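Mind looking over this structure? Questions follow.
Each chain carries a letter (A, B, C and D) given by its place in the written order, and its residues are counted from 1.
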Amino acid sequence: MGAGLAYAVLKLPAEAPGLSKTVADNIDMSGVDNPVTAVVVNFRGYDTLLEMAVLLLALLVVWSLGSEPQRRELAPGEVLVYLTGLLVPLLILVAGYLLWVGAVAPGGAFQAGSVLAAAGLLLVLSGWRFGARFSGLSLRITVVGGLAVFVLAGLAMMLHGGRFLEYPIAYAGALILVIEAAATLSIGLILVALFLGGRPSPDQSPGSRPESRAEK
Amino acid sequence: MDEFYLGMAVMLLLTLVGGLWRVMRGPTPADRMLAAQLFGTTAVACVLLLSQVFERVALLDVALVFALLAAVTSVAFVRRVLNDEEAGHGDN
Amino acid sequence: MTTAFFYALTGIALFILGLYALIIQLHLLRKILAINVMGSGVFLLLIALATRTQSTPDPVPQAMVITGIVVAVSATALALVLMRRLLDAGGKAKLPEEKTD
Amino acid sequence: MEKMILLWSFDALLGITLVWLAWLTLSRDLFKSIVLFITFGLVLALTWVRLEAPDVALAEAAIGAGITGALLLGALARLESTPADGSDPAREKASLETVVPPGGTTPRQAQRRDRNVE
């Protein structure tokens, strides 16, 4: 099988223009200057839309399997508290930078989302959990937000007489930024929730603070 | 100058391969994990050299993300694997 | 043989290695690792073949690989949760044929 | 000319290291496997840099080197804390540990509460 695959690959022409010329010719219409971001959000928006749906589906399956396992975490030491305090703001800053720079240089929603998830992972590892205040509706809204904004933008374009996911050149840059910002938040949160490995359950725990439950 | 940078990158890759010896031999899990952390530093240096060779400033961002993200793995190691070992069969 | 083909062949080697390990390894965690190695092989093949252009590499396979990486990590997380559920339900993380390792 | 030779040796070294790491990853004991897989992700990100795909390299650096490693280490810890007889060794030491409720505490709060308990 390996030999067959290798033979098939070696039979390919040594030089193929691919689609880079097509993308380069149409880059002015996409609203961004980085060809990869243009392909991800604009030219092949369907892929990314469905990809967000796949992430959401994975999270749904994990949540449907039960609530998150109760872990007994040691209280974080001085070093970890200091490191978290130092790294988490820095990671959030870098995520924002990658999101912004994605329009002109390597970066974009997926990269920024995973850096954001890394910040969340650090917090989780030092004992933080989704609080009662956040584990209800607001968590769900943020998680679905990326997909929802994407679909809403596509539908709004349809109402304007265009086709689904076809952005007018004038607003394309701003639209892409909004879509990517929502996608970044969703991807980061979904990855953190997947790391927790279950539905957050503030009500079941004996230690959850009553005043935060009252706020819900 | 490119030749020098590329040569250094090849050297760094060789040190990475050498470091694998510690991952394979290292008597304790901490030894293996530290070696992997060191690879992260090697990779940062390698990316910086390549950004000079290919003249792409954007690669500096890659090095930045590398440097930041290496910390997450080590924190996960200390909090999950080491803590559980202590809680499991340590005496104090 | 050009650089693109060298890396494409490396990708195929990774894919085959991962497939082999997926079949013969019995521990579920190692099967998950094997699937990840297979995926990396496919990504490497795609990106390598995208560099066969004269100027900048083809951005379409690159965009596909970026989404692929994120999907792969979410699938891995899902597989790990499933493995843990199996463990909690009293099963073992290893398929029954193996004695010890 | 020299640049070509160096580039080729870099390519060859990178490719061989990748395949070798994959082989080692899939044939060692579990903890070694995971450490080697994290290294595999690092080398793969270097490969993306070499193949002029910095966007992919960014994604791989964030996910392959950071998040996948943390995920796998968490799963491994979970595996090893459940011995065959079903008892949970972590539970016996519970009195010495701070139980973090999923009620949302920051590290600092956790520490403060810890002191209050003492």
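One rule holds in what follows: a residue touches a chain if its C-beta (ideal position, glycine included) is under 8 Å from a C-beta of that chain, and two chains touch if they have at least 3 such contacts.
All values reported here derive from a predicted model rather than from experimental measurement.
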Legend entry - Far-end chain from chain B, centres as C-alpha averages: A
Legend entry - Where chain B and chain C are represented by their mean Cα positions, the distance between them in whole Å: 21
Legend entry - chain B and chain D: spacing of chain centres that average the CA atoms, whole Å: 11
Inset, instruction - Return the distance between the CA-based centres of chain C and chain D, expressed in whole Å. - result: 15
Inset, instruction - Just give me the whole-number Å value for how far the CA centre of chain A lies from that of chain B. - result: 25
Legend entry - Contacts with two or more other chains, residues of chain A listed in rising order: 36, 69, 72-74, 80, 98, 106-108, 110-111, 114-115, 118, 121, 125-126, 191, 194-195, 197
Legend entry - Two or more partner chains touched - positions in chain D: 7, 52, 54-55, 57-59, 62-63, 66-67, 70-71, 74, 76, 78, 90, 97
Inset, instruction - For chain B, write out the residues touching at least two other chains, lowest number first. - result: 58, 61-62, 65, 69, 72, 75-76, 80, 83, 87
Inset, instruction - Mind listing each pair of touching chains for me? - result: A-B, A-C, A-D, B-D, C-D
Inset, instruction - Note which residues of chain A are touching chain C in the complex, please. - result: 1-2, 5-6, 9-10, 12-20, 23-24, 35-36, 38-40, 43-44, 47-48, 51, 54-55, 58-59, 61-62, 65-66, 69, 108, 110-111, 113-114, 187, 190-191, 194-195, 197-198
Legend entry - In the complex, chain A residues that touch chain D: 34, 36-37, 68-76, 80-81, 84, 98, 106-108, 110-111, 114-115, 117-118, 121, 125-135, 191, 194-195, 197, 200-202, 205-209, 212
Legend entry - Partner chain A, residues of chain B touching it in the complex: 57-58, 61-62, 64-65, 68-69, 71-72, 75-76, 78-80, 83, 87
Legend entry - chain D contact footprint on chain C (complex, rising order): 3, 6-7, 10, 13-14, 17-18, 21, 25, 27, 29-30, 33-34, 36-37, 40, 43-44, 47-48, 50-51, 56-57, 62-63, 65-66, 69-70, 73, 76-77, 80, 83-84, 87-88, 90, 93, 101
Inset, instruction - Note which residues of chain A are touching chain B in the complex, please. - result: 72-74, 80, 83, 87, 90-91, 94, 98, 101, 105-107, 111, 115, 118, 121-122, 125-126
